[in-house]
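See the structures that follow.
Common to both upcoming complexes is chain A, partnered first by chain B, then by chain C.
Right, the complex of A and B next:
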């Protein structure tokens, strides 16, 4: 792929100037004339009967325009994956983030004051905060209508004969691992403005990651509210971070819609930081039992995993994370026999959702920690057991994933070389090295029926190119990647390309920013549209130049004949000729790309993604035996990305994901005590600061994916997938204690060191 | 009761009526509608609202508006010259790939600006110290540090 002018270049992010000057408008910055401010009253208890919600005093406060309670939700409307979540609760509250009432007022201050005037009488009920308790026979039911606290989503994948393989294995390791709730901490909090026109058509200013799906959710809600056949337009503000948090619709959005309907005014709801912690949905905490075996040579013989996920009180799309957990469980390394079962369990805790990796980090923590245990039993170096079992191109995995490009071995070798593995592994002292690998979908994932994205390209009179894409920009750089691809195909400069990506009235359909899919799917979609528009342009140019389209090329906005350089015409002139000719035409092309990905069948088999992303992380740590503190001395993050369309932005994904992974591994944890969040602020929730950045190398491995745009695969999520087990393995190598419950805090390390010393004496 | 205060904002003297209960951030964002300065938490923990007051980086969400009297305040809107020339720090953040979602960036740049205005040749430690109160969830800070260094070195 020589001679590429834009693809592969370190081109600055298109919207960076807007953001670096403060001109970018986030939802916080947008005001609509006549706008009211909405605020939400949350439940005082994690589980209680609502005996009375009296809004009279709040309504009487000057400036208050509406107060809504559960009684004001029309036709028993509920949202969420299992439609179990009313936007305002009546009868019972099931968690401390349950919405009890909402106010719209002329200022945020008055709305806040009005909340304090709402009188609520509760009858507190005993809660269930442990999923294992909730699964016990006779446990009180969180949702009585479902007859069980275990969600009726039986996650079970079986391949081969695990029991027979277990008997034949030379070595077996088994253990239990658990992970904690962590939250996205988007610097821009969640928010929206709901606004209706005279015909009850809704315009929603939003920072959703899924405009097309959210549009559908709102349409469904309007229908339930008695407003059939209305239009919904979503205009996305600049999005202040996503990471999965905006991959579903939330109660506050429906509350804003209901308040706007009641008041006939636009209503804005923007979360405070405390609300962002309380009322957005974290990564699921998991309890995992795992066993893995290998033969004498270290080849994996089986993997068996049983998992329990705390679903919280309601069900979002997050309840489908076990489907993505299956990706590493069935297909990380070559493993012939696999059994996986998972249960999502209702509790009176916060309900969970998508967060970068979508279940993969939890599963990989168990698999890769346990793999080191197995390597130790087998007397094989952890790096070697990964080499022996590494995935390879051409492989078909137990879930029928067809592996195309695969740079896993290269990533492992990068870790080996850059970390100085052989010199450092197993040495005495307080330092140690650890590693872990990853597999993730690299060519999107058919989670929904469609995995597609549309692009429209139109070229105007002056030779400027408008690329109208369905894909959203949440900071990851899709605006730039798409521009690079289109510029490369057309032969125009990046600056001549304008990406429009934030308005459902204009933009084509897209399933959303998830599954690390945007470069792959939106990139391929843009690539297809660019080729089509190029053909149109060349056809007109050829007529004007008296040549054949095939001999024409465009560079820097000028079209010329490769046979006769004298024959040339600027793009702008071609366009004017198209427009200013009798019987003229527009230059518009569209392309919808939906990768040949497969939905899982009943047995959870199917080629979920047309390509898979790989990586390996290696880390050297030093453990302070006095304090239990883990210090990262060196961090290598090697990723097989197919092709780096923009190495600079790609490194940003790896660095950013990596530090989120380090936070997950070493410090971040939402502390819930009997349903109450105890650390819902930046003081007490330890999100990494610049002080937590270790020496880190982002290593790009290119494997040239045949189906990717210019060979590219996804990279959005992989950066944090293997971080925690790599660090846990390094801690074990350093001081001989294995922390099986994230995060690896100094207290846990100290306690484990003490226990180990006790064992020895 | 509102009171009149006078101060210099982005090189211009301004006089405003302000409620003593307001924070400087409220005045900037909600009254003057200068939304470049962001609010990420409202209690001084994230740094998104950083502005420069008399040469020092300050969380404007904690700063009582009456304290602004007579002071020299610079916000992100004040860094670009009138003919649209960006500050070298802004250029560096753009060119080094230090911007992702961008919500923290105005505050981050103001913290770095306060550092570089006071210290032409800061150490790595100085740079880390200058932005340790600025949270970023996207970038892992690596390219932000690179961007600041590139300007510090280039002076």
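Right, the complex of A and C next:
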């Protein structure tokens, strides 16, 4: 790995100047000639019959070009994972984010005004807001056609014999844990512009993080609308954050399409901040029952988990989060017997979706909190029980994950050393330390049938390199990482590399920015294409230099013979030779990388990822016993990343993930009261500010993953996976109370302290 | 963005009041705009015209001779950075430096914070404990109202239509006086207080100087220092306590003040004072905080605010190095 010029370097993000100067064009900035503005009217009630939706007055308002209601959705079109969600509702509304009507007008102000002129008559119905209530026999049905509020997606994984292991365990800990709704808080709110040409082909300006899948969704919609065999082109604006929120298509996109079809004009819908809170989909809240056991030496004997997830009123891809929850449940630490069941339940709440970690943070909160309880029962230091059970290279886990590189133990040792664990653990006073580990997919995840990404590289006359990739840049830094990889392989300057990643008419297939897969999959794809183009370049250069291609090398855009340094030729000249010679050729290479991982089988077994990412977080807190406030004094986030392609960007992912995790652990919560969102704004939704950032040490552990590009694994999601249990464990160490329901608010800590004092007296 | 309106920038108070009269009652005064613009965007306010007070020199004074007078157009940042206020009217500096963000503090004015009369207004409690009175300009000339009488209820103040709050006057406090404000929040910036407590005390020690006398002073906690003073009789001569977000309007904890006056300050006493203050409050449940927690915090933070005010007398900022431990 020595002698790398770009890989492993702290190279600033390529798009940073654009974003810092305001030059970057977000969806908010994009205007198309003749464009109209769309706005959506949401339901007044969480559950109601729609008796009348009268748009006459809104239509009469000058400047209004169209008003659509549920009656205008052609052929009963529905979208979503179970196709249960019409873009505009008719008959009934099932949550307060239900779309009742939509307007297109010549200005956003007129569109807004028109919304207030739409007359809707509702007959309010009693709602169900608690998934446990919704599961009860005789509970009113959210979707009558499904005959049950429990989704027909039975999640069940069984390995070994949990009951037998339970009987044989020396120590058992069991408890219940719950987590809250949190939302992504992307600075760039959601939005799109839908535009049709005369042949009814759709161009969609969008900030989706799944262009290829969204293209497919729109094609399907157009087909239902009676427009078969049309083309869909997606042009992505600069994306101001995704975190999973843009991993599925939303009603507003179909509404923009329908409005554009009706008006024959491009229609733009961009969410306000309030809409972003209300009408995008948060992380699932969960109720988890867990028990774990160990033998006398502290070796885990079994893990059993039952989970209920609030699905909300409709079903997105988010309903598949239990599949990723299985990753830590089956494979975090060596655990021989595992049983997991999960139910997703319809309620009249907001429907949930993907959010960084995709269920892993919820599962890890329960596992790692309970592991500390088990360690206490067994009289083993929490750090030691993690050492004893840590995953190792070569292991095959209950779900048949084949563990390749694994730096888990190193991560635990980093936490131990940097936090000063042994000196601080279990001391009296108001301070305490806690830790938690993580496993996550680190070499993509075969969630869909394909897990691939394509890359096309072309080199022009002047020796400049265009890398056309299917993967999207959503702020995570993929254009920089891809540039570094290609520059490294070719031997050209990183500034000579231009990454094109925002147009489905140009870019090849990619399954999307999810599962921390971009560096691994798009990186490997770019690596393959770069090797192919290099071979082509060397072949032409060899002819011109009268040498063999094998003895050639390129550095700083100049090709030279390693045997005879006198023999050299600049890349640009090679290109001109290729283009200007009679019977010349283009220099284009393509490479499709689809990792050799496996879909789950019927029993949820299969090597989901080519490799797995590990990490351990350790935290020291101070608890104010009188106010219940938790202050983070020191935070260590150690991550096995295989190889850091760009340590600076990687640290950014760890800091960002850690901070998002701290928000999840200590304060963020969407407050829904009987279906109504009470804090849909940045004042009352307590995302941490820059002033709340504690000292965080991002520690990079390199385990050199054989299948990763230059040894790299994924890091997009892991940063927030173990944060909440690490903090909960530290609070317990500090003041002896365990908060089992996120977030760990001062109220909960103080109440628990009082209860504990009451017990004593 | 909430319809359209005229925007005026008068240069004098008289001009502003004339514009308001001419607006037929549909005008709104605007200073920093950090509350007014939010209300307009939320469609809770639809003025025919906005009359800006930012250009009026008469409102932008800050005088420090024989007390403190502050014009209503003085910004939070100007207050927070004023060394005299930091030292002699510390509670006010505490409050202004924790409002919103720097961007907000750069434009948000003292007058605006008070006239908005939110129960959570950060500067209200400090002004109450600093015995501030409001100077009000109206058609009949100027009138002065003690701040405690200025707040009438949520978003209601003792201003007649068209009147303009000119500023605040606070008396000079003698030796041995310190004040503090504690804002209890869920995060360090961009937050409203779950509750706020301000305290002002004047203290004396029987037969000696109030002040720190040994090297430990700069590094010890105030509660330890307090213990050393207990035998000598650290007496509270005068006290004010005010609480925010615990009632429809910012309020004084008058029973707690009375219970504190004339007593030797001890940690035990402060616990009792906190309990009395909590009994005077009427906190409610809201999404921002539960009533029981707010009540508990009044008890805790009242003691802490008093302690901090005492600390500022015993150990003025300039003797503390490198920084106070609390």
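Annotations for the structure displayed:
Please note the rule applied: the second predicted complex is superposed on the first by the 761 of 761 C-alpha atoms of A that agree within 3 Å, B and C clash if a C-alpha of one lies under 4 Å from a C-alpha of the other, contacts with A are read in each partner's own complex, and residues count from 1 in each chain.
Operating definition for what follows: a contact is a pair of C-beta atoms (placed from the backbone, for glycine too) under 8 Å apart; a residue touches a chain by one contact, two chains touch by 3 or more.
Remember, predicted model here, so these are calculated numbers, not experimental data.
With both structures placed on the common chain, the touch criterion links A:238 to chain B but leaves chain C unconnected. Counting the residues of chain A touched by each of chain B and chain C gives the higher count for B. With both structures placed on the common chain, the touch criterion links A:679 to chain C but leaves chain B unconnected. When the two complexes are overlaid on their common chain A, residue A:158 makes contact with neither chain B nor chain C. In the superposed model, A:667 lies in contact with chain C only, and not with chain B.
After overlaying the two complexes on the shared chain, residue contacts for A:747 are found with chain C alone; chain B is out of touch.
Once the two complexes are overlaid on the shared chain, A:690 sits against chain B and chain C alike.
When both complexes are overlaid on chain A, the residue A:25 reaches chain B alone and has no touch with chain C.
In the superposed model, A:627 lies in contact with chain C only, and not with chain B. When the two structures are aligned on the shared chain, A:474 is found in touch with chain B, with no touch to chain C. The residues of chain A shared by its contacts with chain B and with chain C are 682-683, 688-691. Note for the complex: chain B touches chain A at residues 29, 34-43, 45-46, 48, 75-77, 79-80, 86, 90, 93-97, 99-106, 109, 128, 131-145. By the touch criterion stated above, chain C contacts chain A in their complex at residues 1, 101, 184, 186-192, 287-290, 293, 296-297, 300-301.
Partner chain C is touched in their complex by these residues of chain A: 109, 626-628, 667, 671, 673, 678-679, 682-684, 686, 688-692, 745-747, 750.
On the chain A side of its complex with chain B, the touching residues are 10, 12-13, 15-26, 28-29, 184-189, 238-243, 272-273, 474-477, 648-649, 651-652, 655-660, 681-683, 687-691, 693, 696, 698.
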